[in-house]
Each structure stands twice: as structure tokens, then as C-alpha cells.
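When the chains are written out, they are named A, B, C and D in that same order, and each has its own residue count from 1.
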Amino acid sequence: MNLLNTLKICVIAFLFTSLLNTTTQAQITPVLTHDDALKMILASKKHAELSDVLVNIAIVDAGANLKAFIRMDDSYLGSIDVAIKKAKTARYFNIDTGKLGELTQPGGIIYNIEHSNGGLITFPGGVPIKNKNGKIIGAIGVSGGTIEQDKSIALAGAKSLLN
Amino acid sequence: MNLLNTLKICVIAFLFTSLLNTTTQAQITPVLTHDDALKMILASKKHAELSDVLVNIAIVDAGANLKAFIRMDDSYLGSIDVAIKKAKTARYFNIDTGKLGELTQPGGIIYNIEHSNGGLITFPGGVPIKNKNGKIIGAIGVSGGTIEQDKSIALAGAKSLLN
Amino acid sequence: MNLLNTLKICVIAFLFTSLLNTTTQAQITPVLTHDDALKMILASKKHAELSDVLVNIAIVDAGANLKAFIRMDDSYLGSIDVAIKKAKTARYFNIDTGKLGELTQPGGIIYNIEHSNGGLITFPGGVPIKNKNGKIIGAIGVSGGTIEQDKSIALAGAKSLLN
Amino acid sequence: MNLLNTLKICVIAFLFTSLLNTTTQAQITPVLTHDDALKMILASKKHAELSDVLVNIAIVDAGANLKAFIRMDDSYLGSIDVAIKKAKTARYFNIDTGKLGELTQPGGIIYNIEHSNGGLITFPGGVPIKNKNGKIIGAIGVSGGTIEQDKSIALAGAKSLLN
């Protein structure tokens, strides 16, 4: 095998690898799109309807900026802001809002952190959104049901991105 | 009995049904009016005067927007905002504010929800306003007395709508 | 006329003057009461109804703190805050809000003063409330009609205090 | 024709009338639903895509409370709040935001009204949403393109409700 042939193989291997990368990148989601957001909103809404719960659903992107929102009919007006704040809180600290809440109680290590960022919500219902690579690309917040229902509906939305 | 008579009876039956519908609709209150609001404010104020308490009274409509307000002479200045926030909180979550407060204590399932919606008030004194059909059409918030007095005065206002 | 008589006359004159003062003070209003506020709200509302205009009416006391408020059915939601801000602005600077607006235009001596105090409204519809002695004891703000209508309705309310 | 037949006809006429009423009520929209909101968001988005414009779209209900929102990929981050404020402003004053802006210029009759209600947006892109009866049941706000594009996209959304 001469040098030329070696070179050829290297070029082919490089091109093949690049091609493979592109294909893989097309399948994962580096940035949360509005189509992703709509898909997750609808998946969460369907989960809520099956559970007979009325909720508000908010999605923020990697910059913690609102990407999509819906308020189901007859759900709480107060849940508009709670859902948005849950989504923001989950992305601000890349954490399930319920987990954060364990640390913000009296005596907790980040007691009353809720006073920052224009108000945080630190009970369950906000979860980070991860792509297939496990990278956090946003967060989803749900409010209107019990905290268990809210969390479950939020997770249903977040997971729908991976399908 | 001929066709004409049949027709007459039908027309009468139709008019009667329409009338019945209209009458029923006139007796219930689908939307909180300013007359309703004034009536409730005065009923609450009278209740407060009989109890020798000085309060602020706020009423919001179904959209949680301020409809009417009064501050009794020599009542607390700080109660202006507390009364308005109690009314808004009661409508935001369709709940007696005191009931909400049982869930927002340290360790509670919605601890520190007060940080949402520009500030919530979660101790007694805010109650939803229901029409005769039991539909929530707004809320009333009272501040200035003890929490028991505030709640009692708020309830007196809300109930006056049903008389 | 001896000294004793002179003294007697002085005492009688003093008592008479005191009595006169007391009587006069009972007729004027040193502090805006909730009854005054309700009276003015209803006078403004009646004026609005006669003019076929739907408005929001707000009254603040000498401390520029909200004393009473009503939103007429079907009036603008945005007028809640505008009416309250007109009343506050009128008392903050003891001036007809329209007069203040003449000075806040580009090039005006207090250009953009609207940025202070959490937002001012400087077009007509807010007027100070004066008692019979001419002392300013609060202000009334009206929003929902044309600026001429708003001002006229506000003045009708303010004047009703003097009747 | 006996009494029984007469009764039958009456019952049928009554049921038919009821059915007619129900059908009519099903065709008009007394309250903006989340399905309406989604439909309008998608109609506006489609219009924006056909026009090659990247926008944020917000919908509020009759109470000026957020009902649905979407931010198109690569659209301005600053347009999140502008779109929401356009929708709120349009409902606050039941007006095309651009029409309002004609009155808020220096020298205008409501100069600087933007300082009220936590900030108004008074250039084109916000329009009221009317049902088939012509009743205003909410508003839509669009931001991200030129003001002509924003207004056109908002109108496309609002009109889609009537189809």
C-alpha cells in the first residue's frame, strides 16, 4: 500500500465520519425549536386531559426566555405566572423545581432564594428539557393540578422530545 | 282543534319557554356588575361597622381585575394592597386565601408560592364570589382587622350577592 | 364702662368666636372620609351615565393613597390603572393632570416626568379635591371617555363634596 | 287532531328550538378557548412563514390574561414582551394598538399613556379578537417584523377564528 492509497483511505474515512456526524446531529436537537415546543405543549396537554387536570404549560429555551405557552380552559389564572416561573426556575438552576425546594426551606442551604430573579417557584412542576445527548436545551413548567400531577405532566412533555 | 290552534299553542309554549329562560338568566348573575360590587362593598362595610373593625375592601371580577374598592376611615394604609392582593389571590386559585395558606407554610406542598403573580397574600380574608349557580364570578378581599374578622367581613360581602 | 364689664365682653366675644369657628369647622371637611369618597364616586358615576360614557373612577386622600374605586360595566380594563394614576398624579403635584401635561411635552420644563412615581398620567381627567376652605384633601381620577368627558366627570365628583 | 298530537308538536317544536339555540351558540364563541387560541397562533405563524418573517405571537383572553404564546425560531428575544404587551394593550382599550399610538404622540390627547398598566405598546401589531357576533373576547399581539407585517400577521390570526 503506497502513500497515495493511504491518503485516499484517510480522506474517505474523514468524509464518512463527517457525514456520520451530520446525520447524528440531524437526529438530536442542539437548540429547542418552536416545533419542539409546540410538540411538547401538545404532549403535556394530552397527558393533562387524560388525567382530567386543567393546567397552564410554559416552555423556555436555553436562555430561559419564553418559547411557548398555553392556558387550558377553566384552569387557574394564577397558574399563568406559576407555570412560567417553574420553567424559568428549572432552567436557571438546571434542576427539577421540587429538588430545589428541598434546599430552600427554613434552615436550608439556599433558604429564600425565591426572592431572586423576579421570583422563583421551588415546588414540583418544573423540569429541564434534555436532548438525546443529555444536554439541557430548555425547561418546561406546569401549574394547575396537584404537584404530583404537574410534575408528571411536565415530564410527559419533556420526554415527548425524545420520541 | 285545528292547525291554527295547534300553532297558537306552540307559539305560546315557545314564548313561555323563552320568557322562563330570560327570567332565570335575570335572577342569576353571569358577570359581576358594578352594582353587585357596590352592594357587596356596602354589605361588608356594614358588617365591619357592626363589629367595630376598620378595614379595606376590594372586589375583583372573573378576570381578576379590580372592580371596586373602599378604605374605611382610620384603617391601615398597608391594608390597601393587602386587600387587593387577597381578592386577586382568591380568584387566581378559586380558593379561600386562608386555605391556600395552609399549603404554603415551610414544608408545605406549595411553599413560597407567594413569590408569583407580583405577590400573593395567603392568610384569611380573601374569598371567591359565587353566583346563585355556584359559578365563581370574582373575589373579595378584606384587610384591617384580625384574620377571623377579615374573613367574616369578606364572607358577609360575598353572601350579600345571593340575597 | 369699667374693667369688669370690658372683661366680660371680651370673654363673651371670645366664646362666641370659638363657637362660630367650631360650627364652621363642622361644616367643612378637614379630612376626606370614606363617605365623602363614596358620595363623589356616585356623583361622578351619575354624571357619566347621563353623558352615556363608561368610566373608571378613583379617589385618593391627602396622602395620595387609594380611598375608593369603581369600574363601570364594560368600561376599558386599561382604565383601572389610568384612573388611579390620574388621581395620584393630581395629588402628587396638586394640579389638574391636563395642566401638568402641558409642561411634560418634548422641550417642556418637566419633560418626561411621567417616569417618576411608578408612572404618572399627565393628560386630563385627574383633579385635586378641595374642601370648602379651598384646602386640597385628595384627588379624583377618571378614565374611559374622551379627555374632555373624563375631566368633566372628575370635576362633577370633586364638586359634589361642596354641596 | 287531538290534544296528544298537539302536545307532540309542541314538544318537537320546543326541542327543535332548543337545538337551534344550541347550534347557534356552538357556532359563535362567547369565550376564547385554548383551541381557538392555538388555531389563531398557527394561522398567524403560517402567515408569517409565507411572508418570510420571524415573529412572536401572544394571545390574551377577555380578562387580558395570557392564553397562548409562541416565539418563532431566531426571532427577537425582545419581542416576547412586546408581543404580550401589544395583546394586552389591544384588549385594555379594545383598539388596534396602532390607532392608539396616533393619540399618544407628543401633543397627542393621551400623550405618554404608555406609562400605565406596567407598560403599554402603542404601535401596530396588536388587535382585538372578535367572535362572529362582533363581541371582543380577547386580543392578539405580534412582534418581530415591520409594523405592517406584525399587524398583517395579527389580523390573519384574529380572522382565522371566524372561519
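We take it that a contact is a pair of C-beta atoms (placed from the backbone, for glycine too) under 8 Å apart; a residue touches a chain by one contact, two chains touch by 3 or more.
According to UniProt, the chain labels map to these proteins: A, B, C, D = Heme-binding protein.
Since the model is a prediction, treat every value here as computed from it, not as a measurement.
S.K.: If you average the CA atoms of chain A and of chain D, how far apart do the two points sit, in angstrom?
M.R.: 29
S.K.: Can you check how far apart chain A and chain C are, centre to centre, with Cα atoms defining each centre and the answer in Å?
M.R.: For chain A versus chain C, the centre distance works out to 53 Å.
S.K.: I need the residues of chain B touching at least two other chains; which ones are they?
M.R.: In chain B, residues 63-65 touch at least two other chains, as defined above.
S.K.: Line, ring, star, complete or other: which describes how these chains touch one another?
M.R.: Looks like something else, not a line, ring, star or complete graph.
S.K.: Which pairs of chains touch each other?
M.R.: So the chains that touch one another pair up as A-B, A-D, B-C, B-D, C-D.
S.K.: Please output the residues of chain D touching chain C within their complex, sorted ascending.
M.R.: Its residues touching chain C are 63-64, 89, 91-94, 106-107, 109-113, 115-118, 120.
S.K.: In the complex of these two chains, what residues of chain B are touching chain C?
M.R.: 31, 33-34, 37-38, 45, 63, 65-73, 77, 80
S.K.: Write out the stretch or stretches of chain A touching chain B in their complex.
M.R.: 76-79, 81-82, 85, 101, 104-106, 112, 114-115, 119-123, 146-147
S.K.: Within the complex, which stretch of chain B touches chain D?
M.R.: Against chain D, chain B makes touches at 1-3, 5-6, 9-10, 13-14, 17, 61-65.
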